[in-house]
Every structure is written in C-alpha cells, then in structure tokens.
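Each structure below is given as structure tokens.
Two complexes are shown next, each including chain A; its partner changes from chain B in the first to chain C in the second.
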Partner chain A sequence: MTTLPETKSPIGSFTAAAFATHLAAQPSSAPTWWLDRKRAAYESFAAIPLPTRTNESWRFSTLAGLTLDGFEVGTAGPSRPGSDATTSLFGLPALAFANNTLASRTALPADLAAKGVIVTTLSAALNSHPDLLKAHFMAQPQKLGSEKFAALHTAFIGDGAFIYIPRGVEVPAPIVITHSASGAGTAVFPHTLVIAEENAKVTIVDHFVSADSASTPDNPNSKLQTPKFALGANDLYAAHGSALTYVAAQNWSRDTLSFQFNSTVVRRDACVQSLNLHLGARQARHESLSQLQAPGAFSEMLALTVAEGAQEFDQRTLQIHQAPNTKSDLLYKNALRDTAKTIFSGLIVVDPDAQKTDAYQSNRNLMLSDDAEACSLPGLEIQANDVRCTHGATSSRIDPEQEFYLQSRGIAKADADELLTFGFFEEVLARLASEPLHDALHELIKTKFKK
Partner chain B sequence: MANSATDTLPPAADPATDNPVVGIDQTKGDFSYKVDYEFDAGTGLSEKTVRYISSVKKEAPWILEFRLNALKKFLSMPMPTHWATKDLENIHFDKIRYYLSQGQKPKRTWDEVPDDIKKTFERLGIPEQERKFLAGVEAQFDSEAAYSNIKDLVAKQGVIFANSTEALREHPEIFRKFFGKVIPTGDNKFSALNSAVFSGGSFIYVPKGVKVAQPLQAYFRINAENFGQFERTLIIADEGSEVVYMEGCTAPKFSTSTLHSAVVELVALKGAKIQYITVQNWANNVFNLVTKRGVAHEEAEIKWIDCNIGSRLTMKYPGVVLKGRKARGEVLSIALANDGQHQDTGAKMIHAADETTSNIIAKSISVGQGRSTYRGIVHIPRHLKGCKNNTECDALLINSNSRTDTYPAITVRGDKNATQHEASVSKVNEEMIFYMQSRGLTEGQAMSLAVNGFINDLARQFPMEYSVELKRLIDLEMEGSVG
Partner chain C sequence: MSQLEIKDLHVAIGDKPIVRGFTLTIRRGEVHAIMGPNGTGKSTLAKAVAGHPDYTITGGDVLLDGKSILTHEADERARAGLFLAFQYPSDIPGVSIANFLRAAVQARLAEGEELDATAYYQRLYAKMDLLKIDRKFTSRSVNDGFSGGEKKRCEILQMAMLEPKFALMDETDSGLDIDALRIVADGVNALRAAAHPPGILLITHYQRLLDYIVPDHVHVMWDGRIVKSGDKSLALELEAKGYDWVKKEFAAA
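The block that comes next holds the complex of A and B.
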C-alpha cells in the first residue's frame, strides 16, 4: 500500500482528445443515446479521483500499480483472427474479439437461430435491439469502489458480445466468446451482455487472452515489454426460472493491468452460476455484484486464482439479498506462490425485508510460499432476523502429513504444489455440471504450472 | 469493505444513525446527585484547558508537554468517518466539559467516603458487605478517584495500585517507561484526545512472580451533563506475575449526549498473565470511544473480556500485540444492542513473533432496532512460523428490524501460519421458545433464557459476580423486547 501522496494524473492516457478521437471513430449508425451515454461516462471518469489510501473499498490494494499512463485504445491493426491455440480449449468461439474489434465469428447452429437465439456484437445490437441494450448495458449500480473505471469502460468501449436467449430455449453447448489484446500499450474494453429470458438455459464462456504472448508461457522474470490495460465488464440478467452458467477465464499477459466488473441480476426462481478463473495479469481487480431480486433466486459465485511471481489479485464481491427466500453461495479459492498477493473482500447484504435468506461466503487461501500474502475481508450486513448467513475465511498451508507423504514418494516440490493446488481446486471445479468445461479449465490452469 | 456500512445502503434504511435516541425512554434508571465541584475546566477544549488540568494536578513538566503534543495531534486528525459510522459527527467537542474534580484526596477507607457517594454505589448495586471481598476499589466519580481501598495484602506483595495522577507523580521510574508506549498518542483521534485531557483511571504494577489472588476492581461513572470522561489505565505485570482487573461503568441519563473516551494499556512481561474484564453499561446517550491494547512478551498471556450492554455508540476493539515467542492473546466479547444503540466492537491481534496464538470469540445480540457490528484485524507478517488465529463471530437477531454487521480483516503472509475465521447470523429458535412457553414461561422469559443460553459458554468464563450481573442486565434488556 502506497503512503506517498498521489501525484499521478487522474486520467492518464485517456485524455479528452483521446476520447474525441474515439467518438469520431464511432460508426455513423450509432444512436444518439449511446453517444450521450459515452459522453456522460467520460465526464464522470474524468471527475472522479483515483482511489486513495483511505478508501475502504481499496483497502490492502497496491494503489501504486494503478496507472493510467502509457496506454492507447487498441484498434484492429494487423488482422489476427482469433488465436486458435487457446480458443480450442473451450471449442470454437461464437465471437472472437481482437483489440476491441470483431475478428471472427462462427454461425449459430440453425436450430438455435430458428428459435430466436441471438449471438451478435454490441455494435450490431445498438441498431437491432436498442431497448434491451438500454435496459441492461452497465445498468446496475457500481457499489464496489470502481465507479471511475466502470465509467472509463463505458466511455471507451469499442465492441462486445450481445447474447439473448428467448423464453424457454435451452442451449446445449457453451457459447464461447474470446477477447484478445495485442501490442504494447494496448487498452482493451471487453464486454459481454447476456439476457436469459424466462426458463431459458445457457452456458457462456468468456476467455480473455493476450494474443502476442499466448503461445509461450510467460516468464515472470523477463523484462516487461508489452504493458497492456484491460478493462472488462459483463452484465448477466437471469429472468424468471432461467438457468445461466457463466465462466470467465482470465489469462492476460503478465504485464497487464486488468479490471473486470461482473454484474448479475437474478429474478424469481432463476439460478446463476458464475466461475471466474484468474491466471494472468500483473495486477488484476475483479468486482462481482450479485443482486437477488425475487423469491427463489439463487446465485452461486465461484472463483479460482493461481497467484505467482509478483502478481496481485484483488477480488471484491457483494451479494445483495433484496427479496425473501433467496439464496447465495460464494466460494473463492486462491493458491499463492512466490511473492504473490491476493485480497478477498466480500460482503453479504440482507435487506430489511429479505427474510429466510440463506447466504454463504467462503474464502480459502492455500499458502505455498513464505513470501506470499493473503488478505481476507469477509463481511456481513444483516437487517433481517430470520436468516441463515455464515461466512468463513481460512489461510493456511496444506496439511504437513500430506506433504510428507508426497515427498516420501519422491515427488518434487513444484509437482507437489501443482498436485495440491488441483486437489484444493477440485471442490470448485466439481461444481460445474459440464465435464468438457471442467477439463478445459483444468488444462488451462495446468499451463500456469509449466515451466 | 467496512465502508459499505454507510455507503451501500439506502439512506432510508438507517434512520437510527441519524438520531438514535428518538423515541427512547430517557427517564428509565435516571438518577443523579448534586455534586459541588471544586475544580472545573469549563466547556470546550483549548490549550488553556489542558494547562488548567495539568496545573490542578501539579504535574511534572514532561506530562504537560505530553498533553500539549497530544492536543495538537487531536486537533489535526480527521474523524474516522470514512469507515466508521457518521454518528460520530454528532459529538460536539466544544460543548463537553473536559475536567471536573471535587479536589479530594483519594480515600483510603470506606468510612471516609462521603455519604452521597456511598448512596450512588448502592444504586449501582455494590452491596456494602461485598466491599469486604474486594481487593481494592478505585471508583472514578467524574474525573477523580473518589474511593480507593487497597487491601493490605496486595500492598504487602509490592503491588502498586494508584490513580494516574498519583502514579505518575510518585512512581515515574516505573510507569513513565510504558506510559503512552502501547498506544501512541496519535494512534487515533480519540486516543489523542484522551492523552491531552486524561484524568483518573488506574495504574497498576505487579512485581515479578506475584500472583494477585483477588481481582482488582474499578467503577467508573459519569455524573455531570456534557461531561467527557477520560480515564487512563496502565497495567504492568512483571515477569511471571498474574493479575485480574475488572471495570464497570455506568452513567445516569442526561438530555444531551456525553462522551467517554478512555485509553487502557497493558504490558505483560515474560510469562505474565493479565486478564482485563469490562462490563460496560453506560446510559444510551453516551458515546463510548475507547482504545484498549496490550503487549504480550514471551510466553505471556493477555485476555480481554469485554461486555458492552450500554451506550449510544460504542467503538472499541481491544487488541493484543504478540511481541514475544509463544505469547497468547484472547478476546471474548459480548455485545447487546437495543433500540438506538450501536455496538461497534471487535478485536485486533497483531502477531509479531513465532508460535504466537490468538483467539477471538465475539457474540452479539441485536434487539429491536439495535445494531451490532464486529470489526476485527488479524495480522501475521512474513517470516513468522507457527502462528495461529481462530476467530468466531456469532450474531443473534431478536426482532425483524434488528441489524448486525461483520467486517473482519485478515492478513497472512507466508506458509507456516494458519488462520481461520467463521461467522454466523441466526435468530432464536422458534421451537425452543414454543417449548419453554408450553412449560409455563412467558415469551419474554423464554427469550431471555434463550439469549442467556446463547452467551452461556462465554459468560461461564467470567468471574461469578460478573456473570450474575450480566445475566441480570440481559434480563432487564430483554424486558418488553417481544410481544
């Protein structure tokens, strides 16, 4: 945590001139309300100061790492049709974005298209579905401390995914979206918006990757050459009775400053499961908000993090129970190596009338080195009495007996760490219903242990 | 995420913060006695006030300097409202009296205590015969100790038990070394305030190897309107010694809010044990903003037992700095928040040596519109081995509009330590209440029994008279909470 007075520019590279250039590059078909929203967002971005040491929602974060200088809004540039090496893990992407622009797409199966499933770009949806966009795009309150960065996202967003599943439609296979960034100093603003209508069922996978470093595993000790800035967001809306599974795999290059804002609205009897896998970036902040708005709503929030080198993962979550008989279950697991640092700050809020709430929040930190640091801030704010709310946080090494056993079988420390990490993670991975998805995530996590 | 206490909630949901005493019966338990004060520093705080207090106490120049330095710090520090409740803004520092004294010398025997003060003690429920069992009583009647009775036995063991003025004057060689060291003046705004205007409180020194058989006790009481009480306590337990200290606090209700801001420092040297027990029952218009911290050296043990029943707003997080190998820290905390009350309590455990262990058990009960908050810090820095922390927070919500919050912060570095934290929120089991009612108890009695059951495993660890008093207080608070 920095104690020096901040002298950094609050807007950095994202100057009024850069914003004017961005606006001028918007297609002529872009509706006025959209441009107005961007202008308003830019204004609030510029007006809100950078977080300071006394900001409770940034407690324990390394504020010195939050620099907005030296970036340029990424453009299509040299065409780089979706990096196949990584996307193959989850299957063919329905949409692949590279540096804020659509690079490639795969047509939907005909039967789904016939049922009215829409998987398109935000820029197309601006004209085809303006009302849905207006109602859902960045529509939820920013309550976790990043109002400034969320505004920056809205101001500079280039394109993103728009997914609409009509009433009663079940999509059998996961819809995969990839977002890649390439080039030194590139700033990207990935976005995925999902609307699951009544009784719809769908699984979405967001895969974030740096195209110019995906093929070789990053060496944390190498000189950082291609700093990037990734500021992503997603809006998930689960209508009455729907079931939405959302998996995000973040594997930006090791010199990326990353933000990801997750906003979930769960309506009556709907069920949302989200799993965020954090592997990449130099410093990554993830904010996840779940609003349980009607009886029977259920939100399951899962996250897995492998933190190594000098990486910092800063995770902030908020579960708001706004109606009676709602349920939320959060489990965030971090494995820490080297001098890595993780911060978990979670809050369960039970509104005054949300009786019969069942909320759970758990943060488990597996300490695998003597220099790693784990901070936990599990919080509760309960204003109804007939509830079951519990939270737990543990930080510890693995059972020494298990370690001893592995050693006695001749397993090297690095391999033992990997085995123990997978054993530790399995509880979360096993909650995924889809086996191929489980295996793909497993594979992806493995890449982090390859030397 | 502690900021969300105020930031993330719609304003309408929190009327209690704006004016917590609205609609509260202000007369219940109301009593006070006319007191003639010989010394009165007047209202408001300035350098003049501080100089006045110091001169009345005939203090050494270094203490005056200490006070003036603290005053500067207090005036320059902001209110901690970026994380704490906005209710703090309702404290009017310029309307508070910072020092009142009758100018008496501390009394040595019960017979010398003036009758009207004895009368106050009777109302507080200290039966006259009980004093025979008390090792010593240091009762702070407004600023000064009105009565102190150190049993010969304790004095013979070499134990020094005096008020802050006396101790700093007569034993500076012992107390100066530790005074203001555990809690530095600038630790927080309120510790700075206390350092500027402190008076009264107990300074205790227990020599090497001495085990004080009976608990030492003190009662604090605010008797004047708009009076802020700033007692200062410093307990030093030398190597291998043991001592138990108990404090109780009460105040009659006044129409305007008053402030209590104490600083308590404990030093447990090698192998020493200190147990500090508080039953806080201030009137519910008292701001109770207290800083309590202990340093535990090698193999020493510090245990805070903290019960908060009264006050309008309590902010108190007893802490232990585990400085020596195998030191142990413990906080057992019970908080009961009724209408108009906010009990913002918790614990801090700072591990600074190998193999140190700490344990925090906090239980809170919210009744009516009461709000209880647990706030805690557990810190284990890098390159330590074998440190362990266990934290458990349980909250019981009695009525549908009761509120509870939990904001722990746990930092662990390295892979040779272990922490675990658990919190739960629940309500009283309906079947249990129904069963008790079917056996002829009223709903209120059943509820009271259930609440006492909830805290029983903690209350059992208290000295007997305190657990009895606690039970009585809970019965009183639960009256009329249901139905």
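The block that comes next holds the complex of A and C.
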C-alpha cells in the first residue's frame, strides 16, 4: 500500500494572520505605497502555488525541502556586543542587521558623507528617498521561477540596506553589510539595494551568518536543530560608466532553507562584478538576473560553492543582452563532497537588436565524492545574428597525478585535496581586484574545511 | 648512519612485472647513479619507492633507517625523509609555489604547531638565492606554464626546502638544455655541500648529467635489476660502448 505524500500548505507559517501582525508592526511613518506594495505582494504569494515537478525552472530541485511551515518572522533579540565575527573578516560593518532589524551601524567616513554617499536602512530611505526606492526596489521581473518567494520577501521584509553612490564618487574601501539570524524557527528577509550613479565606483559586501550555530557542520546525530528560513534579495543598479563590485558570502547555519535573489541592471559602459560565495544552509537557491541595457554594459557573474553533507545548492541564472555591444561573463564553480548536490541552470538571452553581444557562461564542478551529484543545464536563446556566445559545463575529479605530487611532498591526502580545491577556486577568486577581499573569502572558505 | 635499503624489490604495473629483484643500499651523503636503457624500470622503481598508488609491490622491501616504509602512504614516506624529484612534475593551476611549499613545511610540524611565517619566508628566499631563482617565482602557480628548466629548478627548490634524507631524482636532466642542466646541477651540488646532505639516487639515461653531478657509485639497470656496479668510470664506459653492450652481455643472463 502506498501513501500519498502529504500536501504541503502553499503558505505554511506565513498566514494572513501572520501578515496582519507584520503590517501592524510597521512604523506609522511607512508610506502608503509601501504598505500597498506589501499587501499586493502578500496576495501574490498566497495565490501562487508551490513549485511542482513539472515546472522546468525547478528541474532537479528537491521540492520536498521547500517547506514553509514551522517559521516565525524574526524580531530583534537582545543585542550581542562583540559577537560579530565578520568584523575581522571583511572589516567593520557599515550596517549590521539581526533578525530583520538594524542592530548596529558604523558612521561613514566624513569625506564620503560630504560627497553625498548614503548608507542607510531601507526603512529610513522609505521617507528620505521614496522615489529611488519605488524605482529600484524589487523592480525587475522575476524570471527564474521564484515569483512566489520574491513576493513573500516583499510582503515580509522588515529592513535592509540602502546604498547610494552619487555621480563620480569613488568609494575606496568596501562597504560591508552583515545580516544575521538567530533563534529556532526564525525567518529573515535580508535586502541590499545599491545604486551607483554615473561614473561612481563602489564595492559592497553582504555577509549572511547565523548568530547561533554559525558554520557548524551538519551533524546527523545532533538533535539540537534550530531550523531557519532566509529569504534575501539584492537590487544592483549601475548607471552610465559606473563600476560596481558586489560580493555576497552566504554562511547560514546548516538547518537553514535559504533563497537569494539578485537583480543587476547595467547601463551604458557600466561594469558590474558580482561574486557569490555559498557555504551554508541545508538547501539554498540562488537566482541571479543580469540585464545589459545599453551599449558597453558588462556584467561579470561569479560564484563559488562548497557543498558537503547533504547540502543542496540550486543556482539559476539569466544573462539578458538587451542592447548591442554588451558583454557578460559567468563562471560558477562548485566543489562537492559527501552526498551533496548542486544544480546549475543558466540561460543567455540575446535580444534581436543586441548585435555584437559577447556572452560567456561556464559551470565547473569538482567532484570530491562519488556520491555527490552535480546537475548542469546551460542554455542559449539567441535572436541576433552577429554575436559571440559560448557556454559549457564540466564535472571533474581530483587528478590523481596532482594528488600524488602533493602527497609526495608530505602533504596528507585530505590536505592535498583541500589545496587542489583552492586551486580550482582561485580562477574565480583571482578575478577580484581587492587582495584583502580575496584573502577574506579564502579564509571564510577555509572554515568549511576545518574538521 | 642513516640509510635507505631497497631489498630484492619487485614491482608490477597491473599484471606486468617491471622491477624484478632490485637491491641497493644508499647511505646519507652518497650519490648513486642508476643508468640504463629506456623501459628497464628506472622510473617505476623511483615512483614505487615514493609510494605511487598505481604501482604494486609484489616482493621485497624498502627500509628507511631500518624500518619498512612499504605500508606507508606517499605523504608519510615523504615526511619520513624521502623525496622524489619528478621527471614530469604535475602542474597545479591556482596553487602558488609559496602556498604549496608552505603546506608541505606545515605538514612536517607537530599537530597544532603553527608555522612561523616570517622564518618560513626567510628560509625560502635564502634557498631561492642559493639556486638563483627570482623571488617573483613564488607567486606563480606550481609548474603552470613553466619551461622544462623552470620545472626542474622548482623541483630542486622543493628539495632544498624540505631537506630530505634521501632524494630519488628521476631523469632530472631530461628536457634541459646545457645551461639549464648546469643550473640544476649547481643546485644539487649545493645541497650535497650542505651540513646534512641527502643520499641521492640519480636516475639518468645519459652520462652527460654525471659530468656535472659526479656520482660516488654508478649502477647499470637492465630488465628490472642492477646488473653491474662500479664507480664513475663505468658511466664513461657505457657512454663509449652504448647500451647494446649491456644488452649483449646480460640478455642471456
């Protein structure tokens, strides 16, 4: 006798009552359009069904893991002075969010503030910069399958970072934002919105951590589960001639269900480089959309994943070339151990008038275990006739001769494999212009190899 | 006195026996040259002693300071004091020479002991100066895009840093022009002149290398074993008479 799987609730813990509570907790200063947007988003969320097996944009994903039950929208707990591990890794955070609320902030250097650089919270920007928020907050189409979850993000978002770099201003040091979650069943909705105006130059680091059980390897024997739900998004807008570097380091606890949505808009002669490091979570889905909207626009999309235990990392990307002479370059590298699983599904779209497009897409998987699984679905959709588009996916193992070479120097097999994995990752890390950032990411990845 | 004893060693690749009863004892500080025609088992011997997993030891033993190392993994043998200078070193893209050597040095420290980075770099730069290697070399990926000469110098640099008790040098002269050969030989000779010189097993096809690295003993290998031993004059005799002389003399044996 077979039992039909239990039908999951399409809204789970995010009930109308929970939403009403969330709305009621909004500050009285929150503008009406914002609340209206949240209401509309909640309706969409509730109306759209959970993904099903027949949905192409969820192919290979473990749908059973997408549970919305058992969570509660996180609220600020007691402050934890000095507990922020990110300080040493990426520097002092400009804004530190804990459970959807601003926990601490560091004042901008006076010269940058004088030049008009803004690093503030979304809740403050709702009143100070409503037009910019209206124009850029979750403004781009959700084309990668998560309309439902993106709507949930908008409905329940508590706060986030708002960063505005005025015309011609160059910010020398990275602006670091940390987002942390703590407590069993906590749901967080981190958001970072970046606007780089004409010829501005800036580097942003988003660091996602769980304040409790951060980066602890999943232990099948552990009964101390503190499942969390993280539904983050970022909006990156690069105006004419600007250069925006965005680094996201995802290191949620191993019992987190994580979603991250990225939307990148690149205008004329602007350049966006994004690098997403995926380490944490039980199941993590990352959707990244780059729209190259004017000639000379360039988007470099990079990602590194260390998947171990039974972790699943699901990456969906879309490079849309909407204007001639635009360029995109995607390189996603995954290292897989144990019974981990990764999914890469990428699509390059070239619009009919986007001649002289130069698009590249590559997914490379290093299989460190025979039981790990890497799925790749690279794709092209080209409507112009004078373009250069290349894509490919490979899966390989550690080369035994390289391994022997390292071992013959006294390096134990496990350390040799770690060194070779870093060698594999270096092609991506080396793309970062900032050496301190390169080294900080290297250190963070190392924590996943420590046993 | 530290010594490496290879006793009646038999090595097979798959079902095919390659080394068939090889016996040799090397004391620390000695240089033994092994010469012989292609396919006689010289490289197989070196890799098998170093612990390459593709080579099966079917008989005999290898003792380092009286203890058998055959049950040890390659990395354990290396930490015990063995070093293999590869004929064709692997390239490791994305791993810098500095980080690679650092990991190798770190591997020799006791559990929990932290590497003194300053002292490490001082020592590394001193060895590089000794071997006339440019400091920029350390930031390059291991053997990635290296010329033949650079690869071999990189091997010698590693040997200098790891200070093995015994080094197996597999066709170190192959692919080198005379200038590169001289540089590599100078490096090896510098190590021989050090306070605790390693014992060296120098595998070569040509007598040429032995003009620069003068061996204490020369052995002729044929069909998986040593068939003739002598001093450096044996190498010259081989050079004059060719390997056909060996073949004729020993094929029947």
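General remarks:
To be clear about the criterion, the second predicted complex is superposed on the first by the 432 of 451 C-alpha atoms of A that agree within 3 Å, B and C clash if a C-alpha of one lies under 4 Å from a C-alpha of the other, contacts with A are read in each partner's own complex, and residues count from 1 in each chain.
Convention: contacts are C-beta pairs under 8 Å (C-beta built on N, C-alpha and C of every residue); 3 or more make two chains touch, one makes a residue touch a chain.
Just so we're clear, the structure is a prediction, and the values are computed from it rather than from any experiment.
By the touch criterion defined above, A:Lys450 reaches neither chain B nor chain C. In the superposition on chain A, the chain among chain B and chain C reaching more residues of chain A is B. After overlaying the two complexes on the shared chain, residue contacts for A:Lys413 are found with chain C alone; chain B is out of touch.
Once the two complexes are laid over each other on the shared chain, residue contacts for A:Asp371 go to chain B alone; chain C is not touched. In the superposition on chain A, A:Phe424 contacts chain C only, with no contact to chain B. By the touch criterion stated above, chain A contacts chain B in their complex at residues 54-57, 59-60, 143, 316, 318, 345-347, 349, 351-352, 355, 365, 367-397.
Against chain A, the residues of chain C that register as touching in their complex are 50-54, 73-75, 78-79, 83-84, 86, 89-90, 92-95, 99-100, 103-104, 107-108, 141, 158, 162.
Within the complex formed with chain C, the residues of chain A that make contact are 399-402, 404-413, 415-416, 419-420, 422-427, 430.
For chain B in complex with chain A, the touching residues are 1-5, 7-9, 13, 82-83, 366, 382-383, 395, 397-427.
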